[in-house]
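So that we are looking at the same thing, I have put the structure below in structure tokens.
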Amino acid sequence: MRAAIAAAEVDPDLDVAVVSKVYPMRSHTVAAEGGMAGVVKDNDSFENHIYDTISGSDWLADQDAVEEFVKEAPGELIQLEHWGCPWSREPDGRISVRPFGGMQIERTWYAADKTGFHVLHSLFQTSLKYNNITRYDEWFAAELLVGDGRCQGVVAIEQRTGEVHGIVGGATIMCTGGGGQVFKFTTNASIKTGDGMALAYRAGVALKDMEFVQYHPTGLLGSGILITEATRGEGGVLLNKDGQRYLQDHDLGEPLDVTDPEHPQTRTMELGPRDRLSQAFIREEEAGNVLVGPQGSYVHLDIRHLGEEVIDTRLPFVRELARNYAGVDPVHEMIPVRPVVHYMMGGIDTGIDAATSLPGLYAAGECACVSINGANRLGSNSLTELLVFGLRAGHNAAGFALKHEISDKGALEAQVVTVKKRIASFMDKGHGGDERIAVLKNEMAETMEEGVGIFRQEGSMRRTCDRLGELRARFENVKLDDTVLRHNTELRAALELDFLLDVAQSVAFSAIARQESRGSHQRTDFPARNDERYLKHSLAYRTDGEPQIEYGDVTITRWPPADRVYGN
Amino acid sequence: MGSKVTFEVFRFDSETEESSYQDFEMEYEDEWVILDGLNYIKGFIDGSLSHRWSCRMGVCGSCGMIVNGYPTLTCSTFIRDYLPGPIRVEPLTNFKVERDLIVNLDDFLRKLQQISPWIVRDEERAIEHGEYLQTPAELATFKQFTLCINCMLCYSACPVVSHELNFIGPAVLTLGHRYNLDSRDQGADMRLDEMLSSDGIWSCTFVGECSQVCPKHVDPAGAIQQSKVSGVMAYFKSFVMSSGSRE
Amino acid sequence: MRRPRYCMVFVREVTAIFVVAYVIVLLSLVVSVGGDPESYEAFRDFLASPGMLVFGVITLLFTLFHSVTFISLIPRGMAVWRNGKRVPASTIAGPGFVVFAAVVAVVLLVLLP
Amino acid sequence: MNIKGSHEAFWWSLFSVGGVVSAMVVPVLVFATIVGPGLGWDVFADAMRYDRLSRLLGNQLVKMGLFVVIALSLFHAFHRIRHLITDLHVPVPGMPVAALSYLLAIVGTVVAAIVLWLM
């Protein structure tokens, strides 16, 4: 949405099409809770935010990108404020900020604990103001249109009618989010099937750093619903089965009493980075220190000491979610949580200008990898990333489109026809198939959790890679019950599964190739970071068989790689 | 697993215009919401069942349906609360059905755009000059009305919508009111033009069913009622001002 | 009328018919007071007839229903804020009912000997 | 401001003020004039004596008060009746129903004014 507005503002005569498989206000940004980082307060500095982000990334982020990101963040946050986002405020009317994991200073802007919801609705409602934005709601993009060696639009299925159309454009921007659905236990919505990543991947663009999958340390037990890091930013603590704050045993500093005015301390204990906290959970689990129930093992997130008033003003959604989905009221009870797949640091290989290697194709948001997140993203950087790089993508794509006419129209039309035929024959074949989409998807998610979870090692990863190959073969025999064209959600699910398998393979093969531990990618067989060999971005290219993994350089400017230290 | 429940699901195909109810019996788990039941049917019994859903945490607003006659967010209500069943699932009323449980939202989006749901300023403040100041008290006046997830349950519940198709309706009027109350906004006059039109707030008879079904406690009925009071003020003010200008 | 709330609104709207009916009775009363005492007495007898008593009781119930629902809904249309918090509905409706009681008392005071 | 539907504001303001006034006053009047005497309560029967009532209605303030209550109650009630007709799905266009409703309220108000003035 940010990119669409940016492009629309470049030139009122430019036609901007927003193609989305769901109504834009349903997009999964809606579920982000905690906040959005940006330096605005006097006690903070760009330098701090840059350092936090780079060290958080385990030095895998491109430092020039991080620097520009941090510098442009405050302006974008203010822009969003001007567009009506109901940010939480200080008594004097200024924006309020809260501390977040891995950050030295509190710099996370928030709108209670529904930040993503408010960001999305503010952007969507603001976008309605622009007459040159045309929405294609519930159109499912099936393939990128490539002609003359550049991206000139998409082929999409209008779900309402089931018809396949080509939408041509001088430039195309991918803002399709992540692919958390390759895992079973995830905070990601059902729509997060990595479509944009797979579309670009199929068009020959590399997927970068796909092995880095972020586990959020506090997913609600059972459903995996996100319990925001802001619960810890506001002072919540994690307790093991003995009621102990176990993070102190995992190199995350010394706990302060919750009544201490200094609590919670930044970059310490519960405000350590997400990768470390999730890894600490597994260590506790191995030591037999976690609770075990019918829905698996878990620890407790305790915010009772915050009191009802703070919880209701700052964390009302957390209370609502815990009550409704876990049957506990956090005012009086502890919340059962465990790590859950949350975010993909990797994505479509894009540069600092949001452009990809395919001319005319741009990407921003979770589906893209610039990279500012490296091996581990800090909480509250991702919403900011949407804005900063969404804006860049919008501007640059608009500029590109103004300079390039649609060309090679015959080839584009032929491509649309090919896709039409492909989908028609896929549907035909599906009616004779015997593999259920849901079964294949479950098996894929299971093997991903087994092979490329929080801790990884060669053997299980190899099994996962093999299983994914088998699933890819079985997908050829997928079964479709639905013969109706209109709103054929089964066909969509099948195409999504096709995309998911691509994403899953890129994750697993990138992971097995990286023989070191860095950030969220922790290998028990290679427990140390190896800057000599792997201070590099992995680049997965699609082939007819297994993905081909190559490496590219990381941009290091002023912050040479060092140890990641938290808790002092 | 163990206990069984039956869903009676509305099926409709706009191509053939045939509608029916189809029974599905399944084993369910205690923590399943209604939506999980539908997904189970789609995944393992009949892949042709079509319904919308996404976040499964009550915030994206996709999965509103009629469950046992009542507008409901299906990801936020549990099968265990409807036992012993059968549980009847139908598409939202007051909307045109496109397929099975999927309804047409074109009207809603048209109405939403019509109300100008964005900040209107006489003069934009430059980004370099920072944020607009807004105290927590000013924020509080409209915060509740920002929480609408556009799930359409209120439209489905509203008896006025059912007989006045052009009625702008609860959610959109509430959003209009939300922007009118925002201390950063200067577009209330323009928005009131729409809200006070013949399709606007005056059609509301304050039944209050919209607020009853709202899963986010937004209280559209209250918002519309408050808009009526603002509308009356604006009406008499314009009267005083125009008679003043004649002198 | 599938839902209880629709039903309630229906009843709320029906109260209006009784209000109109009563206004007609009230105006007739005024007219007959304006006439001679004999015709007024005849009107009083008519008012005291069982049929009118039944009408009176039903009207009273409907108009009371109107009073209660109308006064309790007043706060929904008024957002009163104090110290950044919305004043609870009961704090507004409460005085509404106090005024109601006061008005009843004043009317009775004026009317009764 | 757009005039398209804005006169609704006028009728609605009469409706809501009328709603408050009738809520406060009508029940006690019903009780005092019909139910109380009808049940044979002496104090109410006494109050309804011809001489008392004619004296009371001779008072300009009482007249005014009664007029306000009657007029506003009528505007309130006819606004509701208008919506009742729509809600009952009576197949008539909205405009004439509204016009007729408010016309009846106006007629009632004029009648009340004449009756009270002629007292």
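Labels A, B, C and D are assigned to the chains in the order they are written; within every chain, residues are numbered from 1.
What we mean here is this: contacts are C-beta pairs under 8 Å (C-beta built on N, C-alpha and C of every residue); 3 or more make two chains touch, one makes a residue touch a chain.
These numbers come from a predicted model, not from an experiment.
Hopping across touching chains, the smallest step count from chain A to chain C is 2. Central chain (C-alpha centroid nearest the global protein C-alpha centroid): B. Between the Cα centres of chain C and chain D there is a gap of 10 Å.
Remark: chain A and chain B have CA centroids separated by 28 Å (rounded to whole angstrom). Measuring from the averaged C-alpha position of chain A to that of chain D gives a distance of 63 Å. Per-chain Cα centroids separate chain B from chain C by 35 Å. In chain C, the positions touching at least two other chains are 9, 13, 77. Chain contacts: chain B has residues 135-136, 159, 205, 228 touching two or more partner chains.
Residue positions of chain A in touch with at least two other chains are not found. Checking each pair of chains for touch leaves A-B, B-C, B-D, C-D.
Here chain B touches chain A in the complex through residues 13-15, 31, 42-44, 46-48, 50-62, 76, 98-100, 102, 105, 109, 112-113, 116-119, 124-125, 127-128, 130-136, 138-139, 142-143, 146-147, 149-150, 175, 179, 182, 184-185, going by the rule given at the top. Every residue of chain C that touches chain D in the complex is listed here, in rising order: 9-10, 12-17, 19-20, 22-23, 25-27, 29-31, 33-34, 37, 40-41, 44, 47-48, 52-53, 55-57, 59-60, 63-64, 66-67, 70-71, 74, 77, 99-100, 103-104, 107-108, 110-113. Against chain C, the residues of chain B that register as touching in their complex are 69, 135-137, 140-141, 159, 205-209, 212, 219, 221-222, 225-226, 228-229. Per the touch definition, chain C reaches chain B in the complex via residues 2-3, 5-6, 9, 13, 73, 76-79, 81, 83-86.
The residues of chain B lying in touch with chain D in their complex are 159, 163, 189, 192-193, 196-200, 202, 205, 228, 231-232, 234-236, 238.
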